[in-house]
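Each structure below is given as structure tokens.
Next come two complexes built around chain A: one with chain B, the other with chain C.
Moving on to the complex of A and B:
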């Protein structure tokens, strides 16, 4: 791992929604070490700054992809990049989803909004080895149909169940309307034995994880990805501290057994 | 928030009361586009979805009727039948082909009146469904996804 950003070239920029794009990157020289699904890179947009972004795709060639939503100076700058532009990357940082711990068991993936992006490589990995896992189900929620990312992939994937729900449907929408917790009960999933992976806005994570725990999923089998401001990404600066946890080092993916007591403290 | 799966009748009611309730049901099949009920009309029936999707909608004058929520397998369609004035607060339409148990609401209310324990369990079940949907509606009011950061970790 290096503390100096390594140059990566944008080889493809695909618009996902009105305010988010997926950037496919290839190393200009040596690649960073391989990212595990759920891990993140510090992505440097020259002249703007650096932000943490989870990987939304990991290639064997060393290439990777980030899906970024423009919500500030750096992320806006990343959204404006073009094929051929060069970004600086540090990483891989943090904990991954650790999908391998779910081998032989049902897998339930619950994503909200752009939280789908960090879960995408996990889903691809699980679907690539259908004999290694039980039933793989995916539930995705978004504000509107136009805010759904990777919609075509969602329709193509051969999951045991795919549920897509939106808060505000348009006139063409024929799918579900409501929050993910209303839809995920339809997924074929053994709560006593399966593993759940959850990413999205923290209130959505809390509601989803609590429902799963209520159903009987052991908290340590509910893996959630936390979001905090990160700067150094190496556990030194303390910007991402959440109680006793440094999210960049001990997270971002943690078990609900660790996350629940922290997310219920107002001051944190 | 209570998980929607635990609100299903097979989980929410004791076996004896569930069986009594289901003895009042008739199996129906509804084609896509079938209107189950209209806002403001008498709430004299309710359904438990066995398969398919039902959309709840709200009439807004001058606008296309927006879908408020969709219900699927195992979900209870309608709760206004249990509470006065027994008038539907929303409309409902089958989005797909729907197989469901259909209940005569008056018969179920009479059974609730005649057996306090049965009535208490049915009221608790429907009350939990209403509570769950209220919490879900509140969560949607917050516009959770609008507050999502840039890309998963920041």
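Moving on to the complex of A and C:
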């Protein structure tokens, strides 16, 4: 049986930034299997095509959310959907964050831009069980204050530390200016024992993971989420290759021990 | 079932009867035939259309048909196509979706029953290539269901290789001119003073059943010896060879090699090598809508890692240089394929050499990498 998309209805569209929205989806009929934070779906926009999107929320009811930035035909189409529209979803695909491996340890989440979205359900899980984890810290960077997503949540969440920094402040900005690596040192985090979860643009991932490794975090405990072109998500189309890794199958979440040697080769 | 059954011999009339029996069963028989100056794979309604009396002359960037005096049908090496044209076709509809006036969507898989193929004249290299595509497309957590459906119904009649071409290097790619496992029947063509005939080995119960339906006789020693001798001789007549080093290690250590710049200066990034390669499996997808706007189809088509769009993210392609794209192809084929699918992706058929418009020779490129990177990658 060919894996065809399963219809999901958009029940809410919330604008996050000028070019991104969060779509809350409920299955029209049967739901897909439950997504783990970090996993992704192939989301089909009728007449436009299909793109991989990590889940930004996972509900026990089978509902889920995707946060999408319009950067092409399909993602623009998804941003233009309205409540009531129906999309097609396949999944769940790929590896998740596997937060449970960090039980009893400090958790440091570092996100850049839209890369915050796949980390959001992980943060919610960690905060829902405060006794199960050590200190949970969140560091978020964005280009401008207007590009920050989930800003109210960031202020509301009871983390051990929340750092927010922007590249270009506006006149109202009172927070940090600069890259996430300049801020994350303030997070209460035991580098020899804690786990870090990183998602964002590739240069941000490289810089963050490299600095964390220098601080003494074992590379295997620095989990990063990779992005590559994907057409099938089932390991058959060849597009998402990164050296030996098929990102749809062996990723998107991999350890820095695996990612570092691959991301350090230009145009691999 | 392995090759424990005794060998049989059929003559040309037996081959005619074999094709006729397959056609009568409703199978789509595909085999080599001459068209447009090449030996192509096409549907055969009778064995008459086999390329009797044609051989090929091959070199880097060169393919020519040449007549043969002996009238042999299978004394030619790989043509421009491989069996993936049928098992993993260049274009295939995956599913379609329809939108109701209320805005609801229904998705329909393209699960039509595929033809029951019978492939006649599958080379030992191509038999291995099919096994490799089996692992890629059906061996993982998810199956390419279209491929799986076609493959499970396909009958494979191998033709052992007695006439390797100048671009062939299957022996150094870990194979050889003798048919390995995976066939239903294996033919070895013999043309000598005793006549034109085919030694037949049975590889499956389906093959045994089929053989029983056509006129055949038990194999005689002369035919067996001639067949084995011709295949053994072919082993020693390979036109080319890969270096005898651990290629996975060599390619893994090659990412910064200067040779990539050298080959990139010659490579046109046309993708011919990936189209003719019997194991290259990459595809892309296209969304096709009709004029009503309420019907859309998802089509899969072959893609090539040489295409600039292949690695595109919204910022642009990951692999924009020709160097990185040739490197991707070769390091994947001989190196990272092992990591991904448990074997090399090369069977040594030589197609990529013959059909490269710039005459780039994979064996020469690997040898140059070995020379450049030196002894640390020795086995």
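Just so we're on the same page, the second predicted complex is superposed on the first by the 266 of 268 C-alpha atoms of A that agree within 3 Å, B and C clash if a C-alpha of one lies under 4 Å from a C-alpha of the other, contacts with A are read in each partner's own complex, and residues count from 1 in each chain.
Operating definition for what follows: a residue touches a chain if its C-beta (ideal position, glycine included) is under 8 Å from a C-beta of that chain, and two chains touch if they have at least 3 such contacts.
Model, not experiment: these values are computed from the prediction.
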For A:227, is the partner it touches chain B (first), chain C (second), both, or none of the two (neither)?
both
Touched partner set for A:177, first chain B, second chain C, both or neither:
first
Contact-wise, after the overlay, does A:66 reach chain B, chain C, both or neither (first, second, both, neither)?
first
Which holds for A:113: it touches chain B only (first), chain C only (second), both, or neither?
first
Comparing chain C with chain B, which touches more residues belonging to chain A?
B
Residue by residue on chain A, keep only those touching chain B in one complex and chain C in the other, then list them.
71-72, 75, 227-229
Chain A residues within the chain B interface of the complex
40, 51-54, 66-72, 74-75, 78, 94, 112-115, 117-118, 141-143, 147, 165, 167, 169, 171, 173-179, 181-186, 199-201, 203-204, 207, 210-212, 214-215, 225-230, 247, 252
Across the complex, what residues on chain C touch chain A?
94-95, 97, 99, 103-111, 136-137, 140-142, 144-146, 255-256, 281-287, 289, 293, 296, 298, 300, 303, 305, 310-314, 318-321, 323-324, 328, 331-332, 335-336, 339-340
Which stretch or stretches of chain A touch chain C in the complex?
1-7, 28, 44, 46-50, 71-72, 75, 84-88, 227-229, 231-232, 234-239, 241, 243-246, 249, 265-268
What does chain B use to touch chain A in their complex?
1-6, 8, 53, 55, 64, 66-70, 72-74, 95, 132, 136, 139-140, 142-154
